[in-house]
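What follows is a group of structures, each given as structure tokens.
The following pair of complexes shares a single chain, chain A, combined with chain B in the former and chain C in the latter.
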Partner chain A sequence: MSKARSRIAAALLAILLAGACWVGARFAGEQGAAFGMFAWLSVGGALVCLFERSLVRSCFALLVTLLSSAGLFLLLDSDFLALMQVLVGAGGVLALLLFGAMLAPPDPTERSLARILVALLLLAPLCGLVAWRCGGVSAFRRPMVAAKASSQPGIAIAYSPSRPRRDAGRIGVALVDPNRYAVAFEVAGLLLVVALVAAHSISQRREDAS
Partner chain B sequence: MSGSGSNAFLDLLRALVPSRLPDWATVLLAAAVTAAVAIAGVAIHAWICRRIEARLAGSVSSGRMLPSTPAQGWAFAATLAAIAAYPLAPHVFFADIELGLVLILACLALAAIVSDASADIGWAILLGVALLVPVIAGGSLNLIEASRLQSDWFGMGWFLGKSPFALPAAILFLVAALGWARRESMSPIERYSGMFLLSGLAATFFFGGFESPLTWSLRRSLGEDPGFFNHAQLADGSTQTRIAIGGLMFQLACAATLIGKTMVGVFVLLWLQARPDARLHRAMEISRRVLVPLGPVLLIGAALWEWARAALWSSA
Partner chain C sequence: MALQAYLCVSVALFAIGLCCMIARRNLIHVLIGIELILNAAILNLVAFARFTPDGGDGIDGRVFAVFVIVIAVAEAAVGIAIIQQVVRTFRTQKPSAIDRLRE
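The block that comes next holds the complex of A and B.
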């Protein structure tokens, strides 16, 4: 019964994925299709992550969400952010979660429908605020311009590859510029060092005790 | 797509196919060509690796090649994604990503985490620390650009010789790559393609990438960055493109150089793993104890070296 239900859910998610791609393609060409795919994958991954019973499976659904948000960053021309999302967001956070899932005792009540719905209701205003402030629609607006520019029926152009832009250098300079993010960067680094030292000392204490 | 992370096959198809084809069809065609090239390369490479391994072990190889569990499948997919940043030639690449090194390391670490969460992820950190030394020396994380920076000294201006800290970093990288390849719970094809990527990184960031005396001499006669096409302006104002044989030769020479260096690295990795003696394991344990603390020291030393060089250069 539950297997059939999960299959129906998977088929539904796939159909909705195709629909999201189609809508995106209608709005903004190939970039719109990619946007629809990544947007739906991040939402669908989050939904599966919430409603899936198996902890490991929902971790993997979270992986899909994090990776497709990296894809969204890529569509917005932010390579650096996308790669950091893969490295830190997906790699680091997922490793931590899987460790936690392996070490922590399972809690069958944590995934009850009522709890999930309450959490979603609490989160909804926050999501709305973020969407309103950041203007999620602009993600649609920009690719439309790009698609128009690139879809000219071109004559054969001489091929020379376009060099990648240099964002990482500017981000690095901004991070060490005392007028911009140097203090925040140092504070974050200090926090990580404190966490590392704390983890080390805790593991040392365990070793001493045993 | 935008300028960053462009796909050479898409650009090539746009230049070659008749303009009547709609743009989305060209994009789909480029995606198919990219996938076909990547999958064919991975398959051929895995076959070669298996032959080498069988020859080294003195037996006939058997056993399954493809992932056998879903987790292994995910891990192999992550490894395949990393191949996007591996350039075939200066003008032929899957995606020219500014942070190609970061992409490859991120995807390999992700593959390690996905296939088993208890995996020793420390190897991935060591790989990154070792590669940061030539990155400090050169100043680029892009694989094509990094190999371009090593084109002086008759094509032998490799980062290995440019900084005194690069040689220990290369040894550290070798140890970390061996440790990475020794992980269990990997499907063989993932292991082979991961080894290819790692030794490709080593070839690019320590051993000169595309650059060799051969490409240096070709560059002497053909110009700084010879491409595929010559762009001719005709008398009536229209333009005509012709395939440039010299540029094609140069791209082929670059591809042969990089793939040759990469395959030498893969052979070294396979050979070291096939040695039956347990001394390798002990040597790796010792070198891990010595080299792991050495990694940050190497980083600081490389940074100080670059700073001192820049200071001396500007004062001279």
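The block that comes next holds the complex of A and C.
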């Protein structure tokens, strides 16, 4: 990509980012501005992942997506999960993917714009259906404490500021509580061990050894 | 922000990830698509955990999100190892070129 075109693309992305922040701030104040920024960055990073020819650039766009979804977790009062997302998602998975990107020579003719657009068109009704069922854009306009929400069983939309914001301790207690998730936690640890040993043994296998 | 806003972001991430899985002809890009889909799932879990009514403590969804992160890491590790072997055997990264189970 030439220098002028990349500058234009960067300026366009910055303008769209400011627009997302402005729309969020318009509807829900400071929190909305942060939400608009993180939501735009995560969806935009995913779009760059989808359309980018270079594998390394796709991986770094995935980094943007992972970090900004960590920001969304912070907005959802889950600081422990945001930390895990940065440490494990951005640190571990991305390093693995970049290592995988070094395995084979890149194929710059691999990306087919027509195929991607057809797939997006096929998936657009799904997005439209979900956005329509969720109330779509009108959801952004709704105030944080919705009187209508209390009449709906199941999902409460109301924001409750009384809830404690730190969740690391409560997640830790739930993970070691035998009545809740202790067994599942052990199974998850076992799964990680099995996966790591399996990854090691698969990648150690040679062609001539079989 | 309302719950629906997070759900819209999540469904957009899911659709882009699925599109990345089915439209790209590169094994690493398929893994990137799976990462995006798992990210959308985690976002959904955390959002529903955050917006549960006050009766529940909203910790179940977060614990499940931790488990999903564990699954994502295990899947990436095993996936990269398998891709390494596939590239070594078939000398290509196209999923459509991989059509034999063994030599």
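Just so we're on the same page, the second predicted complex is superposed on the first by the 129 of 210 C-alpha atoms of A that agree within 3 Å, B and C clash if a C-alpha of one lies under 4 Å from a C-alpha of the other, contacts with A are read in each partner's own complex, and residues count from 1 in each chain.
Following the convention adopted for this analysis, contacts are C-beta pairs under 8 Å (C-beta built on N, C-alpha and C of every residue); 3 or more make two chains touch, one makes a residue touch a chain.
Every value quoted in this text rests on a predicted model; they were computed, and no experiment measured them.
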| item | value |
| --- | --- |
| Which of chain B and chain C A:L50 touches, first, second, both or neither | second |
| Which superposed partner A:F99 touches (first chain B, second chain C, both, neither) | both |
| Touching partner for A:N179 - first (chain B), second (chain C), both, neither | neither |
| Winner by number of chain A residues touched, once chain B and chain C are compared | C |
| First, second, both or neither for A:F80, with chain B first and chain C second | both |
| Touched partner set for A:E30, first chain B, second chain C, both or neither | first |
| Touched partner set for A:F60, first chain B, second chain C, both or neither | first |
| Contacts of A:L191 with chain B and chain C, given as first, second, both or neither | second |
| Footprint overlap on chain A, comparing chain B with chain C | 31, 77, 80, 99, 146, 155-157, 160, 162-163, 167 |
| Residue ranges of chain C touching chain A (in the complex, touch as defined) | 1-9, 11-13, 15-20, 22-29, 31-33, 35-36, 39, 42-43, 46-54, 57-60, 62-63, 65-67, 69-85, 87-89, 92-94, 102-103 |
| Residues of chain B touching chain A in the complex | 1-6, 8, 11-12, 14-16, 19-20, 23-24, 27, 74, 90-91, 93, 96-99, 102-103, 105-107, 109-110, 113-114, 117-118, 121, 141-142, 145, 227-231, 239, 241 |
| Chain C-facing residues of chain A, complex | 24, 28, 31-32, 35, 39, 42-43, 46-47, 49-50, 55, 58-59, 62, 65-66, 69, 72-73, 75-78, 80-81, 84-85, 88-89, 92-93, 96-97, 99-101, 103-104, 107, 110-112, 115-116, 118-120, 123-124, 126-127, 130-131, 134-136, 139-140, 142, 144, 146, 155-157, 160, 162-163, 167, 170-171, 174-175, 180-181, 184, 188, 191-192, 194-196, 198-200, 202-203, 205, 207, 210 |
| Chain B contact footprint on chain A (complex, rising order) | 29-31, 60, 63, 74, 77, 79-80, 83, 86-87, 90-91, 94-95, 98-99, 102, 146, 150-151, 153-168 |
